[in-house]
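Two complexes follow with subunit A in common, the first pairing it with subunit B and the second with subunit C.
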Partner chain A sequence: MKHSSLSMGLLLLPASILVLAFFALPMVQLVITGASGEEGLAAYWSILTVPRHREALIATLVLSLVVTLTALVISTIVGVFLVRNKFPGSNLLVSMLTFPLAFPGVVIGFLIIMLAGRQGLIGTVSQAVTGSKLVFAYSMTGLFLGYLYFSIPRVILTVMAAAEKLDISLEEAARSLGASQWRVIKDVLLPALKPGLIASGAICFATSVGAFGTAFTLATKIDVLAMTIYTEFTLGANMASAASLSVVLGLITWAALFIARSLSGNNVAAAG
Partner chain B sequence: MTMTQTGSGSTEISLMNCAKSFGGQQVLKPVTLTIEAGETLVLLGPSGCGKTTLLRIISGLESPDNGSAVLFNGEDVTRLPIEKRHVGMVFQSYALFPNMTVRQNVGYGLTTGQGNERLSKAERDARVEDMLKMMRIHELADRSIDQLSGGQRQRVALARAIAPRPRVLLLDEPLTALDATLRDDLRMEINALLRSLGITAIYVTHDQAEAMALGDRIVVMSKGTIEQIGSPEEIYHQPVNMFVATFIGATNALSGKWTREGFVPDGQEKPVATPRSSAFGGNTLCFRPETIERIEESHNADGSLEGTVKTAAFLGSCHRVVVEMPGGQRLTLEGAWASAPAPGDVFKFKIDEGGVLPVWSTNQ
Partner chain C sequence: MQRKTLFYSALALTLLTVAFLVVPVIMSVMAGLTKNFFLGIKSGLTLEWVVQVWDLYQDTIWRSMGIALACLIITLVAGVPAAYALALSKSRWARIFEETLILPVAIPGLAIALALIQTYGGFREFRMSWAFILVGHVLYTLPFMVRSVLAVLSSIPLHEYEEAAASLGAAKRRRFFDIVVPNAMPGILAGSLMVVTLSIGEFNLSWMLHTPLTKTLPVGLADSYASMRLEVASAYTLVFFIMIVPLLIAMQKFGETGRARKSARR
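Our next item is the complex of A and B:
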């Protein structure tokens, strides 16, 4: 027994070194740096006390929440429809809908600029029609669209996988008992999709909170947390502040995934 | 057992030219049939025969081809979706709602306003209690579905289907997923339930024993058409064709020739059955394993047959042997015989005149 536990220890050694070197050490360093500034540990409260940080936090949370809810609604309707209805080109449509998964955030930001930027499609058309140029790429709306764009594929794939496994006779049973379309959705469909929706919603939320590429391309006028961290250490060279905000950002995404995991009972993997 | 009346009294169902095509292929040929009020009708046939499609048309889950009509007590419900037809349905997969308790499942149909029935909370609770007691699942009321066995699940499914007092009860292979002993018990229970409710019921199965035990009438189907409609006795003793004869119960088909003297088996000169005018020219004699008489080997009787016992089994109530005839054909024979036959024995027997099935040829 002693021998085997010794060899187990030896076998675990490389993994332990790896975890220590690339995960634990930088993490500890980050936490220490966060408290190394003039205000010390209070830097961790700056996210609530400094108005600019607090606003960035609120903007990030509200934006991510709205993106998540919108993505869930759209993806559930589209995902269930695509599973239930096979038509010519439906496979192509699915692959097109899931295409943004492969795009880096910067490219998605660029796409939004192409759509609603100063030289964008919507601007050109609106100028031709109404005489005034409609530009919203660099606002909260632009950010919302960009985030939605990369969130929908993640949720659609999960919804479709769950919808494939739905037992159609459950819906038939509900209808035989007099249930209306809405009651079938509320009593049968949504409860069956719930674990998948919670899991993909959590991933969607965590990804939106931490998204940087899209924000970097678009958020010239608005502060979201990832952008605040970036400006803190590049422009302000305020390492302590950037580190403390990073730790908070990490905690928020971790908490979202943790809550989702305990609610859905499924494994929820972080992404993005 | 508490008596429960159906919502609108018993309902008579009329099917007129009900057909169904999928992608240009007619999986159900036009069916015209009346199911009497309070009757239990069994749709029996192998998989793919159209029995489930017919049930789904009656339920409203499937709409039939143009020119078809489904009437409930004379009222045309052909275009009425299932949620408005007020039918109770029991599925092979139970289809219980996994996010609800047993009690919530049973009560579900009382919360949808089906059949214009508006019950107060107290009335609903009382009805659910009745159903739980009636199906003897009262002690499981607050369990979740995944804590139940297969038999318990199907009881819950039955209680859920009959709680809203449907006009018709539709059962789609409800016992197929259960093991044999449980199946027999629940079959008897369903039989008693249907009799006590007096509800019009349509029961789909591929199991002929189930069909015989439950049906007032049996509809035997194959390849989208009805082969025969009749009482279990009629179907068993008077099959109209070879398909029905072989699908229901065990049937021996002895090959030979029907002549003016009677039936002469291959390799034999003397007839073994009296002539029948309708059978003339046919080439098989069909009979059930139990409609024979064993004859002592030393005894000589007119119209007797003999072969060699290949396998012999004692089934408790009777013996069963497989006998190889001189031409090589094998027959399965049953009877309560005083001495047990053994493999290798010569087995001498006579086919009962009354046991000859009215099916003469394999060319059908």
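Our next item is the complex of A and C:
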């Protein structure tokens, strides 16, 4: 079936206009703005040279890395467990684990306040038990829990999809050859899940790096990169600095997702 | 023995994870329906807070629905033909275009919003209208529509169907509406659900692009979290859940039937 380049062009026209006018052009503008401040192009190095920016970058990267690793460990155990063991209610558990997938970051921030905020569950319980109120929603720990909250459903879905395709006879073979449970997990199960884990880990990392809503709701004194950009823009009215920082932020998330996709051919949103 | 311990520790972790995800949701729903959250359920149940939310924030709910619907129409009009063209073409340019099209998903909303403000913030009418938020939502959701439709179209022998239809004399337009669209329907439906769900819940872009007169639901939520008492914020969150949960259930159900159909074909 031959399609002329004219008809192909017509089919792509609406999407092209949208992407060119509202994405490509503004992005170029953003890169130019980033270099338009007093320091010029050097603004792009400010993320490393200005202490406040550098600290925010390090905090963001460390937090995202810890969240990613934690989410991977929890989701792998839970995901494989739920694929291998069917019992009454197991489907309900799967539904409940994947439901928060579309919760926006702000709502997740609020849920963390419900859990660990001033009037939260953990505070009430700890006060009743120990007499002192445990409140950590507005700290790095709260942010960690929030990011974990939106990461777990995504990673579990990937792990479950990968675990369903696994050949269980390989594990039985290893076991019949005398391999211990731990060696079966380390030498058979994990290598088979590895591509999916790397891909969903990268997605989880990119999402955490770019997340804004959760940090915004929990606010107080948390300085992650997204909050720094927001502060530069609103309080500092420093457009050049905000622009250069968001270009760097975009490059980090794009690179992480690029790795994820080249490993799995899959793409998931950097929302949250 | 070893396996039994392993089973129970994995089960315990699973239940703990479920609790972590579900308990705060239940607490939030309860808080939205109790007279005084601090005193607990014994203070009595009430719809007072929900009514108050409806009075205060009704406009954000309607606006979010309107934007989601407009966003759906635009992503359908732009996304389905684009996915069709990308499914037909194997050229390098098509792949490059596809990459560019899905790029907005890989860039944080904050960066895209700043770029839009920088470029179009000077057009006051546009900046002050809800269309400004809509543009952000379209950029963010279009990749999901295109990918969803493209996935379905790539899995069927599209060329053969089209050749058969053309040999019977069907013109291009007819082939698109009578062959391509019906075959792509599962992808179109899944993509549509995704677009509407994402648009209703979108915050990062909306927060930067909104004005006091163009608040969307998640923007209103952030507003209430910062300035309202916990019960009102919770009731507002409850309203959000009521809007989003049917969409999520539809997506899960749809995913299941889609998977079932795929394995049946195999």
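Methods note: the second predicted complex is superposed on the first by the 242 of 272 C-alpha atoms of A that agree within 3 Å, B and C clash if a C-alpha of one lies under 4 Å from a C-alpha of the other, contacts with A are read in each partner's own complex, and residues count from 1 in each chain.
Note that in this section a contact is a pair of C-beta atoms (placed from the backbone, for glycine too) under 8 Å apart; a residue touches a chain by one contact, two chains touch by 3 or more.
Treat the numbers as computed from the prediction; the structure is a model and nothing was measured.
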item: Partner contacting more residues of subunit A (subunit B vs subunit C); value: C
item: Which superposed partner A:173 touches (first subunit B, second subunit C, both, neither); value: first
item: First, second, both or neither for A:188, with subunit B first and subunit C second; value: first
item: Partner chain(s) touched by A:30 [first = subunit B, second = subunit C, both, neither]; value: second
item: Touching partner for A:201 - first (subunit B), second (subunit C), both, neither; value: neither
item: Partner chain in contact with A:146 - subunit B first, subunit C second, else both or neither; value: neither
item: Set of subunit A residues, in rising order, touched by both subunit B and subunit C; value: 180
item: Interfacial residue positions of subunit A with respect to subunit B in the complex; value: 167, 169-170, 172-180, 183, 187-188, 191-192
item: Contacting residues of subunit B [partner subunit A, same complex]; value: 59, 61, 81-84, 86-89, 91, 93, 95-100, 108-109, 112-115, 160-161, 164, 170
item: Touching residues (chain side subunit C, partner subunit A) in the complex; value: 2-3, 6-7, 10-11, 13-15, 17-18, 20-25, 27-28, 31, 37-38, 74, 77-79, 81-82, 84-85, 88-89, 97, 100-112, 114-116, 118-120, 135, 138-140, 142-144, 146-147, 159, 162-163, 166, 172, 197-198, 201-204, 207-208, 218, 221-222, 225, 230, 233-234, 237, 240, 244-245, 247-248, 251-252
item: Sites on subunit A touched by subunit C in the complex; value: 1, 3, 7-8, 10-12, 14-16, 18-19, 22-27, 29-30, 33, 74, 77-78, 80-82, 85, 93, 95-107, 109-115, 119, 121, 145, 148-149, 152-153, 180-181, 206, 209-213, 216-217, 226, 229-230, 233, 239, 242-243, 246-247, 249-250, 253-254, 257-258, 267-271
